[in-house]
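What follows are several structures.
What follows is a pair of complexes built around chain A, which joins chain B in one and chain C in the other.
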Partner chain A sequence: MIAEKTNTAQQIIDAISSTAGKVNFINDQALTDALLYLENKGIPTNKHEDYKYCNVDAILKKEFKNFSQKFKDVNLDEDLRLADTVTLVVVNGNYSEVLSDKVILKGLHINSFNQLNENGKDIITSQADVKKDAFIALNTAFSGQGFHLQVEKNTQLQIPIHIIYVSSCEGEALINPRNIIEIGQNAEATLIEHYVTAQNGKVFSNFLSEKLIHENARLISYTIQDEGDKGFSVNTNQVKLEKAAHYDNTTIILSGQLTRNNHNVVISGENSEAHLNGLFVTDNTQLVDNHTLMDHQVPHCQSNELYKGIIKGKSTGVFNGKIFVRKDAQKTNAYQSSKNILLSDDASINTKPELEIYADDVKCSHGTSTGKIDESAMFYLNARGISPDAAKIMLLNAFAGEVIDKIIPESLKELVQKKLGFK
Partner chain B sequence: MGNEIIEQHIQSEYKWGFITDIDTETFAPGLNENVIHALSKKKNEPEWMLENRLKAFKTWQGMKEPDNWAHLHYPKLDFQNISYYSAPKKKTELSSLDEVDPELLKTFEKLGISLEEQKRLTGVSSNIAVDAVFDSVSVKTTFRETLLEKGIIFCSFSEAVQEHPDLIKKYMGMVVPPTDNYYAALNAAVFSDGSFCYIPKGVRCPMELSTYFRINASGTGQFERTLIVADEGSYVSYLEGCTAPQRDENQLHAAVVEIITHKDAEVKYSTVQNWYPGDKNGKGGIYNFVTKRGLCAGDNSKISWTQVETGSAITWKYPSVILKGNNSIGEFYSVAVTNNMQEADTGTKMIHIGKNTRSTIISKGISAGFSNNSYRGLVQIRKGATNARNFSQCDSLLMGDKCGAHTFPYIEIKDKTAVVEHEATTSKIGEDQLFYCKQRGLDTEKAVGLIVNGYCKEVLNKLPMEFAVEAQKLLAVSLEGSVG
Partner chain C sequence: MITIKNLHASVDGKEILRGINLEVKAGEIHAIMGPNGSGKSTLSSVLAGKEDYEVTEGEVIFNGKNLLEMAPDVRAKEGLFLAFQYPVEIPGVSNINFLKTALNEKRAYEGKEPIEAKNFLALVKEKQKLVELDGKLANRSVNEGFSGGEKKRNEIFQMAVLDPKLAILDETDSGLDIDALRIVANGVNSLKTKENSYIVITHYQRLLDHIIPDFVHILYNGRIVKSGTKELALELEAKGYDEIKKEFEKESV
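Up next is the complex of A and B:
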């Protein structure tokens, strides 16, 4: 569906062009395409099918009237560092070598975009198509100084890499952090991407991460979003799996006024598998919109999704997951499950689990359920002397546990549990 | 396995394709205010009806033809190239079936629904009263007198406009106003005829009411309008079935069906749709753009949609229920079969407004050949719809690797007491199931028939007996030889 265009995109371009740094690591063709796409299509409104429950255009209009683009330096909160990880820090969209750990691990290469040679630069726009989505285009046109993280082939990284994205500004700002993660043949890595804001100005963060998982490689990734009540973000993950690759992501959304996730997984090599897990706990007037796409392009692959939501206050949760099985992707097994609990009269949840299937020899299913806290379970606990409040926490903990238990690094698990307050 | 069988299936021709040769009076193609004036005059309509039509026409002119938001692909329609009125020349004031044009009766006989047979069966409780819609004008309404004794009004829409203007004024457009969507507006402006049914308070309709739609004259669009009103505590089971002759150019069918149930009333609406789907290259076929919606206005009321969709080149149809009354119930049971180049985007909407409302959705899609079959459904729990309950199940069966099966459910919940479940699966007929059947001496075709019938059983069981037979036959014809 062609959405009617508003002039929000033009205003953004005008507002940030003057202060934007030169994007010299993205080729001219991609830059032109990105700007043209933005000017022609604009920022999506709720008339746009993919943004039906998330009118980013209206939010931008209401909340961001004047992008001042005044950034502040950041002193990284030491509490954010996790034990037994390598920390990389991205400040206001730019990779900060100063704040990042200087650990030399065999087989791990981290280069900021302007350090890359010509071949290296070509890979930057190789995954995310600027003509697919306005936010990919916006990020490409005004990309921050991101980094390229490469795990060499046959390398098994034992220590998780913890990337902290932190933003801090006065007034209103738009940032476009970007990175590309490449896991070489037979390599293995664990990645934690952690999004926070220093509380002062309002930030609209338009994240883009391209992830390339080569043959027989394995990436375990975690996305922790905790951007506070002045943080607005669109987070695009464009992941490509080659032959026999393995991708596992667990997304935990703790806070953020607007959190829109576009998690696109392209399965382009046989015998690979992808798992997406998600947990969002929302309150107040938060809007959390999770979009996932499993694009099965080849036969003999598996995918699995589990998204859970606990929705409180006046907040809105959205889950839109699509399983797309192309004509040749026979013998695909794809499952998807979305479960939600509504805890308040003013909360709402919109789910849209989609199947689009063009191959016949497949097993695909999705299920979604929304309900309240199980009354019989509540009664059982109350009858045994547990107060309703304690019982509620216990039951919510169990509900969320299914996703939290997927987190392997202990330090991260503790952080999430502490933040959620279920423990 | 099964390539040749699929081939064979794809080559199977539309079995109900024939043209009845009777004189029809048809308007020249084109649509403007004059056409609407002429149409209204032809039907001898009162002034208020003409005004309604013109208003709807204005609304329609101000609307944009929807883009292809649905999962459908078809060329843009030229609304100036359609004739907006086509009536059999013989008039309808016939007192007995013998006076009906014999050609017409033969047509119905070919379809296996002869009026003669209905007549012969008078007095049997499973009787079906048929309001036969032949192209646009109701030709014959049977059993009308019997129904009148109970106070039930069952007549053509035009007659209702003349004889029961109060009811029409009150209820027409109540559930589907002209502003609802592009095709609803078009229908409100140019609707040719249809059926009207009113069940008075506390009456349980003693027979299944039925309309057979048929598009006959070449190049005529058919714009039916059906209005069913069930007053307090009443019950009616309404059947609608269609077949259409083979045509080359695309024909548009933009019908509107409205159902209103008052307190404690129940309406069961069943459809078997087998319009011409186009040939195996996708040439011709009916465009079926229908707006069907029911309103459970009173407490404890119930509306149930059951549909078996096998025909039409393009189907765009979402029979919906607005659950406004407390404790009201909405149901949707559907089997949609697409073959060759057919495309279907069908499903339902369940809008929960009242307290303790319940809805059930069972949708079974089967795609074969090069077709695309989509389920698109909305379950909406509004704020204050305490203890609303929904269960949805959407299964798809794929036959062959060139077709597509899609599910697009929208679930919007704004009440914390709601319990909503949705599940969907996509698969093919299991090799082991086929093997099991074949090993016991069934050939592949029979085995497929058996498995498909079992797959659809949940829905077929909901059809009135008279329809279930026809539906099963249709499924068998539509899927002859298809193997996954």
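Up next is the complex of A and C:
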């Protein structure tokens, strides 16, 4: 078994090493640790508890025979730009200054990793632990030329930053986009991370973001995943909240053959709050696997999660929400809810709440529901003259609306509604 | 308007309607009364096209067409309206958008253009007044968080906007206080014309003090066992259902 595991990882390492240069913005220790982790642990199979429904090893073996790493230039689809936002573009894992807007917002600094000085580089591996997960290790070993986005303390950014991650290749390719987002003390920002493909080939995108929200800062973030039927991705967010910080993420999964999200939130400062919302609409043979972790380390914090799935065809959805309340984290309020609609007999959903609570004065709850379209609501609408097709659209819109209504930027909300196509 | 001939219907293999015959002409109000479990709500569900019921025998002709062959939404587009005994709450669907969609689907079916926004708002305002429905409720999700009385008034409000040929009121009086009952009845009476008809299904006579029926039928064990004029309802109220039960027990078992 071990040999088989390392096999996939080793193949990737061999294939990528010949084309990738040395990643010079990550320190040698982290690079060594990352490669060692990959060699020892390999790419996870379904024997790994966290990847029970998402056998990435098998999927990679089946779908990717030869990482040829032949990338193509990208002409950015202008429709992707959103009104009233600043656009940054990352092509095949590398930050593109040419395609990005020239940013002149006061208090906002964007530097690609190779522009950082030696001290600045230390922050790159400060949040994500390379010894914890194969995809963090893989990204660290072969990271693309990412960027550090910093909002200075006391800066309230009024305009959302829209980061478009676009991939384009021939044959098969692995890309490792990476960033670090830092919201300074008392600062506030809105971030839209948007993943698309513009290629004929197959892409395995192994994204990693480290987000650091300093004291009394606020980050509203959106994750829009629309990578098409040749898009395979693992998307890791490693977020840390300091004192009285606020983090709010809404994830919308529109397409992608494989979408595995690891959204880890470490609440390390008192009086902080975190909200994770998600909506996934899947069809055909898609696999969408959402793993969230709320790690409550300190007292007086709140977290809230709402994930909703609409699952069609032969697709599979997963929601695994872990809430970890440590011994010191008294007066924690943590809630979690997962609601799903199955639209075909071959569609499946696996939901698993995982609560590990070591403090005794906390309020934690979770709920999950899975069903078909509500028949009594359907009949009520039909009995008023609304045809079954139109009624279904109304009911799915209503179901999805609970998550979509959390999107504040109007141009983004419109894009999502248009893409979802219930309407 | 509607002719029901020898209608038999079952749910889960159990026969509930056992040969209903009824004719309702344009401009008439018919009341159907009966004890619990007699088949009153089954009749309304079967006419509206609820899937759970299987029609095993008989036919229903609605304005010259075979009603039982139509999908529920087509029945509504043809002018049938069911005021639900238990209106369904639909979170996330706004009352007003729902009604606009329903009205425009009906208009499209009739070959008409969608209603202009301005005219729709005027229509909504007018009909809300009729059933004294708070304008705020129109913008909320369908029936969500409505009181029992508000739900029933919302049914009559929808009926007023959709302007059906035949409306079936399924125990619309249940759970209503006397003021709400009066409001609902006034709404129905002011919508009444020579062209439209009502089937009023009720357990109690009191609604019929406000909505005066042309005919009263008593449903028992899945059959109409007695028909008459409005006096029959008063007689029933005085004697109670036990009399009916005794009288028809033998032949219906």
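In this section, the second predicted complex is superposed on the first by the 416 of 423 C-alpha atoms of A that agree within 3 Å, B and C clash if a C-alpha of one lies under 4 Å from a C-alpha of the other, contacts with A are read in each partner's own complex, and residues count from 1 in each chain.
As a working rule, contacts are C-beta pairs under 8 Å (C-beta built on N, C-alpha and C of every residue); 3 or more make two chains touch, one makes a residue touch a chain.
Given the structure is predicted, the values throughout are model-derived calculations rather than measurements.
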Now for A:Y358: first (chain B), second (chain C), both, or neither, which partner does it touch? first
**Q.** Partner chain(s) touched by A:E215 [first = chain B, second = chain C, both, neither]
**A.** neither
Self-check item: Which superposed partner A:D122 touches (first chain B, second chain C, both, neither)
Solution: neither
A:D229 contacts which: chain B (first), chain C (second), both, neither? neither
Across chain A, the partner (chain B or chain C) reaching more residues is B
For A:E414, select first, second, both or neither according to whether it touches chain B, chain C, the two together, or no partner.
-> neither
- Query: With the two structures laid over each other on chain A, which partner does A:E63 touch: chain B (first), chain C (second), both, or neither?
  - Reply: neither
Check: With the two structures laid over each other on chain A, which partner does A:F399 touch: chain B (first), chain C (second), both, or neither?
Finding: second
Considering only touches as defined above, state whether A:A377 meets chain B (first), chain C (second), both or neither. second
Chain A contact set shared between chain B and chain C covers none
Per the touch rule above, chain C residues touching chain A in the complex are 48-51, 71-73, 75-77, 82, 84, 87-88, 90-93, 97-99, 101-102, 105-106, 109, 141-142, 158, 162
Listed in rising order, the residues of chain B that touch chain A in the complex are 67-69, 71, 383, 396, 398-428, 484
Chain A residues touching chain B in their complex are 1-2, 49, 327, 330, 340, 342-372
Within their complex, chain A touches chain C through residues 374-377, 379-388, 390-391, 394-395, 397-399, 401-402
